[in-house]
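Naming follows writing order (A, B and C), and every chain is counted from residue 1.
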Amino acid sequence: MSNTKTMNVMQERDVRTRTIGQKIFKVLGKTGTYIFLLVMALIILFPFYWMIISSLKTLAEYRQAVPTFWPRQIMWGNYAEAFTKANLGDLFMNTLYVGLVSTVLSLVITVLSAFAFARLEFKGKETLFGALLATMMIPGELFTITNYITVNNLGWMHTFTALIVPFLVSVFYIYLLRQNFMQIPNELYLAAKVDGTSDIKYLWKVMIPLALPTLISITILKMMGAWNSYIWPKLVANDAAHQMITNGLRNAFTDTTGQANYPVQMAAVAIVSAPLFLVFLCLRKYIMQGVSRSGIKG
Amino acid sequence: MFKKIIAIVLTVVMALGMFALTGCGSKSANNAFVVPSEGFNPNETVDITFTHTMGAKLQEVLNTYIEEFNKIYPNINITHQSAGGWSDINGQINTEIAGGTQPNVAYCYPDHVAMYNIAKSVVTLDNLIASDIKIGDSEEIIGLTDAQKEDFIESYYNEGLVYGDDQMYTMPLNKSTEVLYYNKTFFDENNLTVPTTWDELWDVCEKIKAIDPDCYPLGYDAEDNWFITLCEQMETDFTSAENGGQYLFNNDENKAFVKELREMYQKGYFTTQELYGSYTSNLFVEQTDTNCYMCVGSSGGASYQMSNNDTADGSFAFEVGVASIPQYNQENRKVISQGPSLCILKGANTTDQQVLASWLFVKFLCTNIDFQAEFSMASGYMPVIKSVTENENYAAWLAKGNGKEYLVAKCVQVGIDGRDDYFVSPAFNGSSKAREQAGALLLKCLSTETTDVDKLIDDAFQEALDECEY
Amino acid sequence: MVDSKHQWKAWLYLSPAIILLLVFTVWPIFNTLRMAFLNGYGNMAAMGGATFQFGIENFLKVIEYDKFLDCLKTTAILCVATVPISTTLALLIAVALNSIKPLQKTLQTIFFLPYVTNSIAIGMVFATMFNIVGYNPVEKVADTWGIINNVIQFFGGEGISWINQGSTYTANIAVMIVYIVWNALPFKILILLGGLQSINKQYYDAAKVDGTPKARVLTRITIPLLSPMLAYVIITGFIGGFKEYSSIVGIFGEKMGPPDDAGRLNTMVGFVYDALEKDRQGLASAGALILFVIILVVTLFNNKVIKKHVHY
């Protein structure tokens, strides 16, 4: 009797020391985890901090050999200058237009192709898909001249078409969405077929809602593409009516000697990045889901 | 799946091998423009395009003078756009030439023109300049009058002729050069004289080093310019545009001056933009721990050479002086010329009328006194015609008092005074490579630690030459 | 399953993509191949009326180039170094993020930020962090050591020339690794975190009951279950690594090396770009095709190795 009691007490004490030990260990582990994450976060954030303080400096201070960590004189004027000088309103509208139209068209094409690859059986499917993936391995810079000549022959110079059409198909997006579609059980499709539902209706009612996160991340990536594109628009549509935001920024802030006024340019970059940040913050959940659902089953 | 990729790749390669055999057809083109005997018809509407690298401020000036131009030629419509910076415009026009959509008129450096010329897209100007056909009912001729030719600063005008075939390819628009900025306050306090030769410069460096041991007496912004300028001043070989271009810089004379520069560098007499890690103008104006009392930089960057205006009473920390760069031999004065020229491009679809209209526009910009004056004031570049001083505003601007503008004006004045000394290096397909390699080899020879300096220099020269000739 | 009705439907759905790919991807590839097999082909020269012989001279010329092996070496080193580092780091961050509750969302957002920013600013910032201004290699003094050296000196170390004159190849590569890893992290973290969150909690509950140590949980449960994502991240990392170019321009400028040794860090894509700029499309195309074959071989190899270890 007493024996069992002592056993119990011992066990209890044992359990308690173990739990205390575990707790200390756990707290230490958690602290370590947080320190690690915070340090990494700081490293990640530093360049952004730099972008913002640079945008608030005078050109002279920016060009200094010894960089300052806080602007001596805060130049809010850089932001005002960026806004008025670059005609940001028009640039925004052009970029938004190109971004939206190419996103919508690109989504339609991607959904149809991904559906064909994921659900339909046809001769040469694997071969075709393999060939598509192989094109991803070629440096895209090589295509520029040939595509420029093509666009020119098609009479698309200085039109939005030239900015939109050549980049509508992305093998990467088709790949992403195909992975996503493949995870939706085939039974749903077969059941729908039995019910006599058409492919399009099935796509619209079942597949698209299920793949929504991926579609949203494609949208974001596509919009980001429009926001960041520089070399191609400069070649095919660098006139005032079609100018894209990055090109407009580059042109607006070069001074007489062709050197850029970097602080104002940084301010403009900050202004331009803001909408993307906001969209990302609002849709973060979907983007995370979208990207994470892809990649599985290579 | 990946086996299939290989199979596809192989098939495609084989198919293409066959396809490639067909090669490409030959197109004959000759770029010597012949002025049609009926001349230019001012009543016909002509559209021309102009690509440049001007910022917003210069575009305003340009717009004003396009209006002026249209008062004379109301039927020539000019659209212009900025391609960004100097490296952008070259790439953009290359691609446009490939697509047949090149602009009619373009900003250019000689190296760019040499590239466009491979495609035979550059209109040579000799026949246009020489043409005495009258335009419409007016008394004006298409070409340049003798007075107009005389008015050009000769060395600028001759920049159009550096392509190895004695043909005129470009017209100068506005020019910049390298000048020597010095800390006048410091020079006056220490009774130093501004050096006019390299030997004097090294003497001054030694004296400055004695006064302030931690300083770099001289900062030189562009290493490649230094190499090329020294070749030119010492009359040693660099490149030649003859026979499609030759690289001649690998010679003992050049190795000797590079070796001397290395000695001076090791003594701490100078630094360069790349070696210092930042524009040397910062070193010059900043006045922190390490000072710099002389600085060779572009005359176009004058506003960055001004000492900081942040002393308590608002006066400048020190006065900046501007002088011409040191020479090797006063009998053979040479200073590099930079800044935009204009070239006229043509493709398969370009009409004679368009070429003529482009020429008239180029002629207008290069010979109009008021445009030359205003462009110079807005950009800090030097005008290319002598008569520009007839513009009263400009004369007043050149002589203007203190302030940042003053230094810009002073630079322009130094540039104008040195107008007989300008040169540009020969341009051919590959001349840009020679320039790049000259800068790179100088940097390598100056700073690399070694026990065998001669071997280092020999190797660096040989490597640069191999790279050029690859 | 393969019936004719589906056949035409599939091709119908695929037609927009196929047509656009034919025009804007396949045709340029054909053109690239054509240029690669025309000796010394140059676009401008072709415009000017020059003709070219069919042959393999371009390929020979690429291989004969003195510095071609250097380009290849730099590319390979960057690949082999950055992919494991960024993958490990991303895995650790993702696991750490997944294990915490407070601040998880905020940190997650921060780690993804680099993905949605304009890249112009970032390269310049990194260059300033490592840039030494006014370095004198003889006296080992400088005006500004840069933040990284300041940190090293704070801990009693000696300042190192990272990207300036007198810097070693190793130091240059170290800087590039840091920058490339920084750039690659967001995407990898995102993918891995997504994977982690979709792992069934039951596995961990089971491990908890058994009292399995954390490290063991990581190697025995987390990594095997994450292996498809890891495989994806590694393969795309290698493909991206072989195409490395703009990150080097971001730090070193178009000189692709420290001031006293320009071109030291040139890569395969850098070689292709150089040739394009000099109107040597034939050479550029040949270089790009060689690069393509290398990527293909590496990807196949990766695939083989990974297939053995991935648990679907």
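In the analysis below, contacts are C-beta pairs under 8 Å (C-beta built on N, C-alpha and C of every residue); 3 or more make two chains touch, one makes a residue touch a chain.
Keep in mind it's a predicted model, so treat the numbers as computed, not measured.
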item: Distance-to-centre winner among chains (Cα means, whole assembly as reference); value: C
item: Per Cα centroids, the chain farthest from chain B; value: A
item: Pair of chains whose C-beta contact count is the highest in the structure; value: A-C
item: Inter-centroid spacing, chain C versus chain B (mean Cα positions, whole Å); value: 36
item: Interchain centroid distance [CA atoms averaged], chain A/chain B, Å; value: 40
item: Separation of mean Cα positions, chain C and chain A [Å, integer]; value: 17
item: Multi-chain contact sites of chain A, meaning residues that touch two or more partners; value: 65-66, 134, 145
item: Junction residues of chain B - those touching two or more other chains; value: 2, 5, 9, 98, 276-278, 283, 288
item: Junction residues of chain C - those touching two or more other chains; value: 29, 43, 133-134, 143, 296, 299
item: In the complex with chain A, residue positions of chain C that touch it; value: 1-2, 6-7, 9-11, 13-14, 16-17, 20-21, 23-29, 31-32, 43, 89, 92-93, 96-97, 99-100, 103, 105, 107-114, 116-122, 125-126, 128-129, 133-134, 143-144, 182, 185-187, 190-191, 193-195, 197-198, 214, 228-229, 231-233, 235, 239, 243, 269, 272-273, 276, 281, 284-285, 288, 291-292, 295-296, 299, 310, 312
item: Residues of chain B that touch chain A when the two form their complex; value: 1-2, 4-5, 7-9, 53-58, 81-86, 88, 92, 95-96, 98-101, 176, 276-279, 282-283, 286, 288, 298, 300-301, 304, 308, 378-380
item: Residues of chain A defined as touching chain B within the complex; value: 60, 63-66, 85, 126-127, 129-131, 133-134, 144-145, 148-149, 151-152, 157, 234-235, 238-239, 247, 250-260
item: Touch list for chain A against partner chain C, complex; value: 29-30, 33-34, 36-38, 40-41, 43-48, 50-51, 54, 65-67, 108-110, 112-113, 115-117, 120-123, 125, 128, 132, 134-139, 141-143, 145-147, 150, 165-169, 171, 174, 199, 220, 224, 227-228, 246, 265-266, 269, 272-273, 276-277, 280-281, 284, 287-289, 291-298
item: Chain C to chain B touching residues, read off their complex; value: 29-30, 33-34, 36-38, 42-54, 65-67, 131-138, 143, 164-166, 254-255, 259-263, 277-279, 296, 299-300, 303
